[in-house]
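Input: structures, listed below.
What follows is subunit A paired twice: with subunit B in the first complex and subunit C in the second.
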Partner chain A sequence: MESPLAKLDTLQAVELAEGVEIRLRIAGPVLRANAYAIDLLIRLGIVIVTGICLSFAGLALGERVADGLMLLIWFFLGWWYPVLFEAGKRGATPGKRSVGLRVVQPSGAPITLGQAIIRNFLRFIDGMPAITYGFGLVSCLATKRFQRLGDLAAGTLVVYDRLPQEPSVAAPPPMSSVRPPVALTADEVRSLGMFRDRAGLWSEARRCEIADHAAVLSGARGKAGVSRLMAMAHWLQEKRDS
Partner chain B sequence: MTAGDFENKNSARWAEYEALVRSVELGKPMPGVENLPQRFRELCLDLSLAQARMYGTRISEKLNALVIRGYNLIYRQKTGGWQAVVRMAAVTFPQTVRREWRLFWLCSAVFWIPFFALLIAAKHDLTWIQSILGSRGMADMEQMYGSESGQIAHLRSAYGSNFMMFCFYINNNVGIDFQIFAGGMAAGVGTVFFLLFNGIHIGASAGYANAACDPKAFWSFVVSHSSLELIGMIIAGMAGMRVGLSILWPGRLPRVRALVEASKHALPLIYGAAVMTALAAVVEGFWSALPIPSAWKYGFGATLWVLHVVYFLLAGRQARDAA
Partner chain C sequence: MRLEDVTAEIRPRSDWEAVDLGFAMARRSFWRCLSVWWLALLLPTVVGIFLLRDHAFAFATLFWWWRPVASRMVLFELSRRLFGEAPTWRQIWKEIPRAWSRRFFYRLAWSRFSPWAAVTMPVEDLEGLRGQAYQQRAKLVMRRGESAAFRLTVGGSLASVWLMFGWLGMVNMLLPEGQDGVFQEAWQAMRAGELGEIGLAGSWILVGCYLVALSLTDIFVTGGGFGIYVNSRTWIEGWDVELAFKRMANRIGMLSKLLVASCFLFLQLPSGAAERPPEEVIREVKSHPDFEVQKMEVPVPDDSSSEGGSSSSRSTGGSPGGSTSPSAGGSMDWFYQLMRGFGTVLLVVCLVAGLAFIACLLWTFRHLLRDRSGIDGGPSAGAKARVVMGMEVTPESLPEDIPDTAWRWWCEGRRHESLALLYRGAISRSIELARVEILESDTEGDCLKRICEAGSRAHPGYFKGLTGFWLGLAYAKDFPANDEVQGLCQQWPYAERRQA
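Our next item is the complex of A and B:
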């Protein structure tokens, strides 16, 4: 099997107890920052709405009771809002869910309450210096799996929950089906398949440019190389028996 | 078999599986949900086949996503409910504190040494304390614990102010506990800083109250919640130091692995510290400022200190070791 860590890729291969290998796609800092910003806006909204409600309710409850409730809400939104959502069924805060992320264990399993507490309480350090999230960002960039310090301590990853559908444009249909001249490794076969799947998205020049890298395999450059690679992909994927 | 044949043959089964998964995800399990584990394992097999036979990215990605969704449902962890909470309070938490006795004394020293140093210094020279508290801090202390009797009770006389102070202490003090824990991630430096800071500040306040305010007003107010709040803070410090020391001295484990283990061991300490400090907020909010004879408060406070010693020395001794 290929070693996924050796490559520069956000795909994380995990073997389950069922003996199958799943691929988790690790989320990078930019998307996570977006999710955080959305969560921040949601919490800000809650504070404003409950603040207004409590200022009216304060007339009945007493001003100090309303102030106290506001402090409690502040406490829960600050420390417990992400914990409760991430330990919950969906494993994501509303912000993460809206951008399609989820917090999981390295095995892909949902995280526990304890892990949610650790990763979110340590946010305090990740957010430093001065809530710029500098430490968290450096940690994300320095680790293979984009983990901030809280993720490292809790042993959690942030992954794409549902992969966005890749746009697929029909590639030019292969004219023929050609058997590859040498036996290919699994990775090479996968690369050929992906080349064929994505070829429709690229311009002719881009296709040639990429295909030229495999000129040794196709034995041709330029357009001829592209059509030869496509023919091999076709043979590998569909016409193997013939 | 080509990719197309494979997909045609199995797509009905995949669709059934996906319907089951979706129904469970939405919280409304449809009939036949008991087949989900079996369907899940079949799908795992399909995914392995698709990968081994290289049926292409599209099918693999689709099956991969379906397997992950099922895996998340089937391996969801149920928390233990009330039984787990009781066990945590009666066994795991005191056992963990005893096991980490070195950290307990370390954090206690970091807090109590500056505390007592400033308390004693106040008897001889107030300049240190004056520069620590500043004019605002000293004015606040005098406002709360000045010489008039029952000043605190008077401050709390407005309707709802007990409740407001309770909420304030929850937000402030429990939040400080969590910060003390998080500070451990900076190799323990943050934890030591917060403990020292609190030791200095609380020691200075106590020293100033002794020297310049009405000592009785101060001590009768703080004695009731002091044990819960201060021991809770020290235990939060233990949690932070457990994490911090695992970074400094990971032992035989790789550093990240040691960090994960240490965080797991620190969890009971965090739970305990949070609950203790929350209880302290209840006492401080609703009891400590009551206009009742100070003797009752001293008695209550002393009882709590003794109960703490008994609890941490004896609770959970008989029970089997917490994992």
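Our next item is the complex of A and C:
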């Protein structure tokens, strides 16, 4: 079991050589199913178009050759389409790209061809029973990092590749900038910045309520506290920008 | 609700990340949620099965209809767990009747088909709002993640049916051969499109699979909806900022207390001398979980260079050409010939496109193929080292006749340069002529090792001697004797242009 101190989250922390920690945001099953559906449609489109073309070509070649070619294309799309795209530069099939997902190693590095092959050839197992993807779904929901069986075998993760658009409705800029009375840690500096950037989303009362929690820092309560915190956030940003 | 006790990381997330957090919450207390889910519906299920034992599908409909009651209980469990409480079985038992009766008509009739139920349920159950206030609040909460909630609910409903077939397939797979008569009958009835014709045993198996699938999906859908709700409130109420401010206030408060305490300690210093041996203090400090060495193994793949170009450009044959209508006048034979010619052209185009695609693939993944072939004499297509140990080793940077030049320099007294020329010349010739793969990051020892591994064509004996002299000069300022250098120049084993 997890220790009670560790809080539940859906991140994969990666420590880089420089001692910097980055966090990958692991993607869950719903969006991945979505991406899979898009890929399925794309492949279906390709099969239909090539099918029409081949049915004409079949007049020249004989039907059996056309059928054989069709089967080859079918095989290629079924087994190799995701492999090639995921081993490629972007690490994602067109479906995954369109919803903003990417396949990576737990270290954040792009996956290799071998990993892409293992991960996608095991789709057959994940797809069981029949073609319902029941095993894959259960495995995805049962593991901490949302890995289906193919991911577990290949040691890969599916992560969000796109940063979400964060609405920040900043409050009117403060008139003054005030130096915080004590040295602040990086976390605290960031929290002041967030307070300033998102204060516009909150009601006046809620703003005061949050600011009251930092009354030790601002030395004031209520609206005075809010404006003092804003001024400090302003000072911190000025210092950062200069 | 104390925000400090929260057991999941509170941070502003994207909609789908919020759903994922909900899934993770449901996963964390999965068995508990599952038992609570079934406990909520236990009594009606037993009674329902008894009364409707001949009408399996009617029972399934009824069961589906009262499903929100079970979702409510899951929500009860998850929300308590999120804030660090663990509801006892007694509390859960007491909550079940409330889950049935609370706004029965609203939840089970009016909004039974609401696709946003997973998010609006927390507003109703956890905040206890009713009427106008509830409507407003629900609208506000749904501003974030409305589409995700919708897709989650619809996807959940689809998944429960889909999983039902999964269960059916699984049961069928595990049945011994010859025992699946019920399945065969049911399958035939389904194919004929007459659900009513499925036998009673078949329908109960179907319904049973559906109930299990429904319970499994509903737990996660409820969790996902709760995740969206928590995320929405994090955004609109700044939960994360509040938490961060509380932590800051704690730290600053501690700081000031510490200041006071240290002043106090300073005044009393003589009396308060070391009470505990330092070993004990160190042990205590080191027992903190922060000092635990945490390891995680990440397998390192062989070929880390994935410098392949953009994946591929695929073409699927020429013009679609499906619009010619065969009802044109003239003999069909003529048309047939035309189509035949067209087909041939199309086939050639297809084949060329296919070949081009394969060539493109080979080109994209050429580094993989090269790694397989190893260093067996073939011309290495990779970039050759240009600078080794800070010395330029390209043939252009070297004089045409290395040993002659080196000996001339030695005689002129430019002894260091002379030996350096010999050494980098030897490396350069090894790369150029003997095809030894030397990397820019290699040291003297690495170079020697690679040249020895390359075999006799790289003249390892000569290079070893030269390396010895070079190392002596470079690191110990130990100049070799004149005749030794002359020997080196005369024995120069690499083919020079003057001899060619």
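FYI, the second predicted complex is superposed on the first by the 164 of 242 C-alpha atoms of A that agree within 3 Å, B and C clash if a C-alpha of one lies under 4 Å from a C-alpha of the other, contacts with A are read in each partner's own complex, and residues count from 1 in each chain.
Basically, contacts are C-beta pairs under 8 Å (C-beta built on N, C-alpha and C of every residue); 3 or more make two chains touch, one makes a residue touch a chain.
Quick caveat: nothing in here was measured; it's all calculated off a predicted structure.
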| item | value |
| --- | --- |
| Which partner reaches more residues of subunit A (counting touched residues only), subunit B or subunit C | C |
| Contacts of A:23 with subunit B and subunit C, given as first, second, both or neither | first |
| Contacts of A:75 with subunit B and subunit C, given as first, second, both or neither | first |
| First (subunit B), second (subunit C), both or neither touched by A:130 | second |
| Partner chain(s) touched by A:204 [first = subunit B, second = subunit C, both, neither] | neither |
| First, second, both or neither for A:117, with subunit B first and subunit C second | first |
| Common interface positions of subunit A, toward subunit B and toward subunit C | 61, 69, 89, 109-110, 112-114, 155, 190, 194 |
| Subunit B contact footprint on subunit A (complex, rising order) | 16, 18-24, 61-65, 67-72, 74-75, 78-79, 89, 91, 104, 108-110, 112-114, 117-118, 121-125, 149-150, 152-155, 162-163, 186, 189-190, 193-194, 197, 236-238, 240-241 |
| Subunit C - residues contacting subunit A, complex | 6-9, 11-17, 19-21, 23-28, 30, 151-152, 155, 159, 162-163, 165-167, 169-170, 173, 220, 224, 235-238, 240-242, 244-249, 251-253, 255-256, 289, 296, 298-299, 301-304, 306, 308-312, 316-318, 320-322, 336, 339-344, 346-347, 350, 361, 364-365, 368 |
| Footprint of subunit A on subunit B - complex, ascending | 2-4, 25, 27, 40-41, 44-45, 47-48, 51, 54-58, 61, 64-65, 67-68, 71-72, 75-77, 79, 158-161, 163-168, 170-171, 174-175, 178-179, 181-183, 185-186, 190, 243, 256, 259-260, 262-264, 266-267, 270 |
| Subunit A residues within the subunit C interface of the complex | 2-5, 7-11, 25-31, 33-34, 46, 49-50, 52-54, 56-61, 69, 84-85, 87-90, 105-107, 109-110, 112-115, 128-130, 132-134, 137, 141-142, 144, 146, 155, 160, 164, 166-167, 182, 184-185, 187-188, 190-191, 194-195, 198-199, 201-202, 206, 209-211, 213-217 |
